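Next up, some structures in structure tokens.
Shared between the two complexes below is subunit A, which has subunit B as its partner in the first and subunit C in the second.
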Partner chain A sequence: MDTILRNTKASSRQLYLDPRTKILLCITVSTVMLAMDNTGIFVYIIPVMTIVPLIFLAIIKSPMMAVYYGILYLVAFFVPKMIVAYLPQAVNLLFTGVLATMTRLIPGMSMFYFLIATTSVSEFIAAMERMHIPKVMTVPVSVMFRFFPTIVEEYHGITDAMRLRNVGSFRNPMDMLEYRLVPLMISLTAIGNDLSISALTRGLDAPNKRSNMCAIGFNVQDYIAIAVSVVILILAALSMAFGI
Partner chain B sequence: MITTHNVNYTYENTIEGAALTCVTTDIAEGQVVLLCGESGSGKTTYIKAINGLLSHYYEGKMDGEIMVSGKDISKVHLYELARDVGSVFQNPKSQFYTLMTDTEIVFGCENMGFTHDDILKRFDKVVKAFKIEDLLGKNLYNLSGGEKQKVACASVGALMPKIFVLDEPSSNLDIKSIHELRDIIKIWKKNGKTILIAEHRLNWLKYVADRVICFEDGKIKFDTTAKEFFDYPVEKMHKFGLRAPEKFEPKFSTVQDGAESISISKMKLTKNKETILDIDNFEIPKGAVVAIVGNCGAGKSTLARCLCGLEKKAEGTVKLSGRKITPKERIKKSYMVMQDVNHQLFTSSVEEEVMLGVTDLSEEEKEQKLSKILEEMDISKYKEAHPMSLSGGQKQRVAIAGALACNKDVIFYDEPTSGLDYRHMKEVSESIKKLNDMGKTQFIITHDPELVQECCNYFIYMVDGKIELSGSWNKENIRFVQSFFKLD
Partner chain C sequence: MSSKETSNRLNGKDLMNVGIFTAVFLVIEIIVACVLGVFPMGFLLISVVEAIILGIPMMLYFIRVKKFGMILITVVINGVIMILTGMGPDALRYGFFIGLLCELIMYWGKYKSAFKAILAYAVFGLIAVTNYIHWLYASEEWLEGQRANYGDAFVEGVSGAFSAGWVFPVLCVVTVVAGLIGGFFGKAVLKKHFVKSGLI
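== the complex of A and B ==
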């Protein structure tokens, strides 16, 4: 029978990359964007790091995400520069400052989206096991993978319900938040409870070694990505220690 | 295979009494047992006792002895039981752990640490037996409830346990999926598995079950053969709070004067280049109670969403008594009671919930209106209660009360009686009739023949986004709907 379970290598859906490589890429981009100053060699590396998520988003055929990313980044990059001169100090500190910080957060967030979008729960668990990370750590994180789409689904349901009752307009932001979050939390708690019951009755907590049907493993493309990431991380460490 | 001896159980933090009292049963290998009874009668608790959840997941007080395939439940771990007892639950959307069908089917086997080849063998076998080849490689989020439920069955099936327990597996399924679920149960039965099914909907199991155990207030009310049970008269079934598998005979057929009507023309909705709704011309009398029936994916929910103005991209016009109404106006005039009613209760008290969004009245008028509506919906007692502390049916009524307070004219229900017993179904139908008296037009998306016969006076049958048949209860229509709902 034709099934992904018979695959021995990462497929196009996984972008031919091992989950571990993707996690490393995620870490590299976030580290550089958050921790490094725009000095020395990083004058060149930072722009490259902002382009990387864009390339990945384009490859996984989510053009909308790539466009969002582009617009969000450009806004966060240029708007503060344009308005900073015309606003009072306090506003600049709060509002414009936050916006400017966004330029540092957005690439890391996009890489995270890319990781979630191309990695299945089983692949993630498999990768974690190869790295000998204990179950107590992997199970909660893997549930998180599964929960993102659920949150989106439930959120849409609640939005519809709010429109029907004509409540929660932007005029009362606190009310809006409450009406959204209370039902969301309640249904997510219920789903989480059902989910753990169903997983436990299928032996999720078994102490034996778990077998893995997922095709994960390193290929040429993984080694290249890992080498590049490691070089950048070393440069970052050197730069922090000695200031190149 | 399964023996329980004097089992008592009380849930932690409960205001009600014991969930199980002195339950003694002996179930032989290869038996298919139907567990029935009202909501809260203890059948689900009994299921949880057998699959070990009571002893190992819930915190509560338990005594008595439960032996399942030679093991004392209280002494073995849940993961050890996983090889012996496979569990399928009620809600298809909250029982898959991975996101893809293939990986979900082998999830249990992976946990057990079976070898790679063994898992592939089990996978092939279960996929072939359940005929789910076309579901492979798909994202579980894009499947229908019935398809998800089949994958859930396949996932526990791949572990090849000797015992299967199913907790209200059909409550979120359409008629076609129930047929398919029954086929799966028949396969298990043929292979000599012992099967326990807790259910409200009974007639689909008429020729599958061997034995019926009925619960009441945590005790076993009766324990009989399926043959005898399905011969019980309808009144006796209803007395036990059971849904009776009887003939489809609409009992509600008040006639509206045809003066006012809602008419739809050229309504169309396309999503991802696929036409999911396409209705040319259609008219229903204002004040009707319309049952929208059809299988999953036929466009029932889409029709409801388009009519109440939630789908912004829908083309077409809707006229009320000859006057065109825009989607924006429609959303002001209509309300939908969702399948997951938790989504639409926002505040911290019933009182506040009902009057939410009502601003054009003085305090005094508000007070009057509130007490009138609470009275009508029979929830005055719970005025100050938190909506989330109420039962499912009460929550539904709070949601409807909110719609009444906002003067909504058209009310939609998305499967309001899925998983409800006879008494609660009756309550829902009573409140629908009450709203009919007030002159509201109501649309009910449902797979429940008993609800349709209790309170609908009009029906729409949908296939592939089109209205295939519709009308009030004439002989032909009754025969058609009856054969559509036929399950035995």
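== the complex of A and C ==
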């Protein structure tokens, strides 16, 4: 079973970054894209920030995602400009504005994809423990990442079963909601019970500190990435305070 | 979490439950947002549709919540994910208080009352509304900066949708009502399927 966070260790075939660095990069990109205006020095920084996810997606050797990101961004960036003059006001009001605002969200989302596509669950937990995040947060988060693929898998199973019994056609949406979600929830609660018993036998409730096989730590590339992020965040703060 | 009595501490099983239902919550939230977000008008309906669809899983969750802190953890995780995906800090900032309010409503019903659980779920639906907040406030200044790029007609058209004063409160109220409907629907479904089969 393939989890969303990778099960294997991040290998040397990609640029290895500490999970904490990736989180900082995520926050930097989304902060700049969301909070900053296209004024002053940010006229130059915002385009750079849109290219950063592209670079990272290229580095993890997923060209499909990089192309997808590029096309999505270009569409969101240019299409509203081109069509806005030819559409009635009401459509512009509801539709084009959302599309244009997407340009601010897509880079952040792509960075998040980069974060979860290159980090294993163990690394992620190790990083969270280094950041002194309490157990009440780390356990649910790790269970959550373990559960995303399970949900998808179970849902496909339910869809298959429904098709087999000819329940798949269009009906009352409230009924469809019930037919799909109830089996899903029943199987998920059953899986959840099994999972919690298995985790308890492996000492989830143990008061001791959890040890971890994944060695995480900062390397040269981490320091470079952190330095760049910090500089940009400081610039953002200065720009908010003084308006350069 | 915050309660120090040993009987009220969250144990491993509770934390597993939090993880499972937070995963379900996030998956449904993201799917609904992706499907509706591309349609005109659908964007504003995301929170309402979510409140109805999430009725079944979240009522199952809220009925399992017996200790203080579980809903709060769900809300905080949701907020952190929203920050990392670039939706801004509003989901965490305002969501924390919404989560606290849910906990208080649940506490008011001693974590047993089914009606209080439905009420708490209706309030919980507001979590999705927090994602709209930055469109309301930040978008106006940003759109001023975009005037040069996109032209006057565009800026006026867009800021009209976001800055109309009544949109946001109406959205909140509609979401809470949808949450009540979803909650009652979820409760009925639970009674029909889960109680009968002995899963609760």
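The rule is short, and it goes like this: the second predicted complex is superposed on the first by the 179 of 244 C-alpha atoms of A that agree within 3 Å, B and C clash if a C-alpha of one lies under 4 Å from a C-alpha of the other, contacts with A are read in each partner's own complex, and residues count from 1 in each chain.
Please note the rule applied: contacts are C-beta pairs under 8 Å (C-beta built on N, C-alpha and C of every residue); 3 or more make two chains touch, one makes a residue touch a chain.
Given the structure is predicted, the values throughout are model-derived calculations rather than measurements.
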Contacts of A:L200 with subunit B and subunit C, given as first, second, both or neither: both
First (subunit B), second (subunit C), both or neither touched by A:V48: neither
Partner chain in contact with A:E153 - subunit B first, subunit C second, else both or neither: first
Touched partner set for A:L74, first subunit B, second subunit C, both or neither: neither
Which superposed partner A:V29 touches (first subunit B, second subunit C, both, neither): second
Which of subunit B and subunit C A:I186 touches, first, second, both or neither: both
Contacts of A:A237 with subunit B and subunit C, given as first, second, both or neither: neither
Touching partner for A:V167 - first (subunit B), second (subunit C), both, neither: first
Touched partner set for A:K209, first subunit B, second subunit C, both or neither: first
Intersection of subunit A interface sets (partners subunit B, subunit C): 143, 145-146, 178, 182, 186, 195, 199-200, 204-205
Subunit A-facing residues of subunit C, complex: 1, 10-13, 15-20, 22-24, 26-27, 37, 40-41, 43, 52-53, 56-57, 60, 69, 73-74, 76-77, 83-88, 134-135, 138-139, 141-142, 144-146, 149-151, 153-154, 157-158, 160-162, 185, 189, 193-194, 197, 199
Interfacial residue positions of subunit B with respect to subunit A in the complex: 51-53, 56-57, 77-79, 81-83, 85-87, 89, 91, 93-100, 102-103, 106-116, 119-120, 123-124, 127-128, 133, 136-137, 141, 152, 155-156, 159, 305, 308, 310, 331-332, 334-336, 338, 340, 342-347, 356-357, 388, 402, 406
Residues on subunit A engaged by subunit B in the complex (per definition of touch): 1-6, 120-122, 143, 145-146, 149-150, 153-154, 157-158, 160-168, 178-179, 182-183, 186-187, 190-191, 194-195, 197-214
Sites on subunit A touched by subunit C in the complex: 23, 26-27, 29-30, 33-35, 37-39, 80-81, 84-85, 89, 91-98, 100-101, 104-105, 107-109, 111-112, 115, 135-137, 139-148, 151-152, 174, 177-178, 181-182, 184-186, 188-189, 192, 195-196, 199-200, 204-205
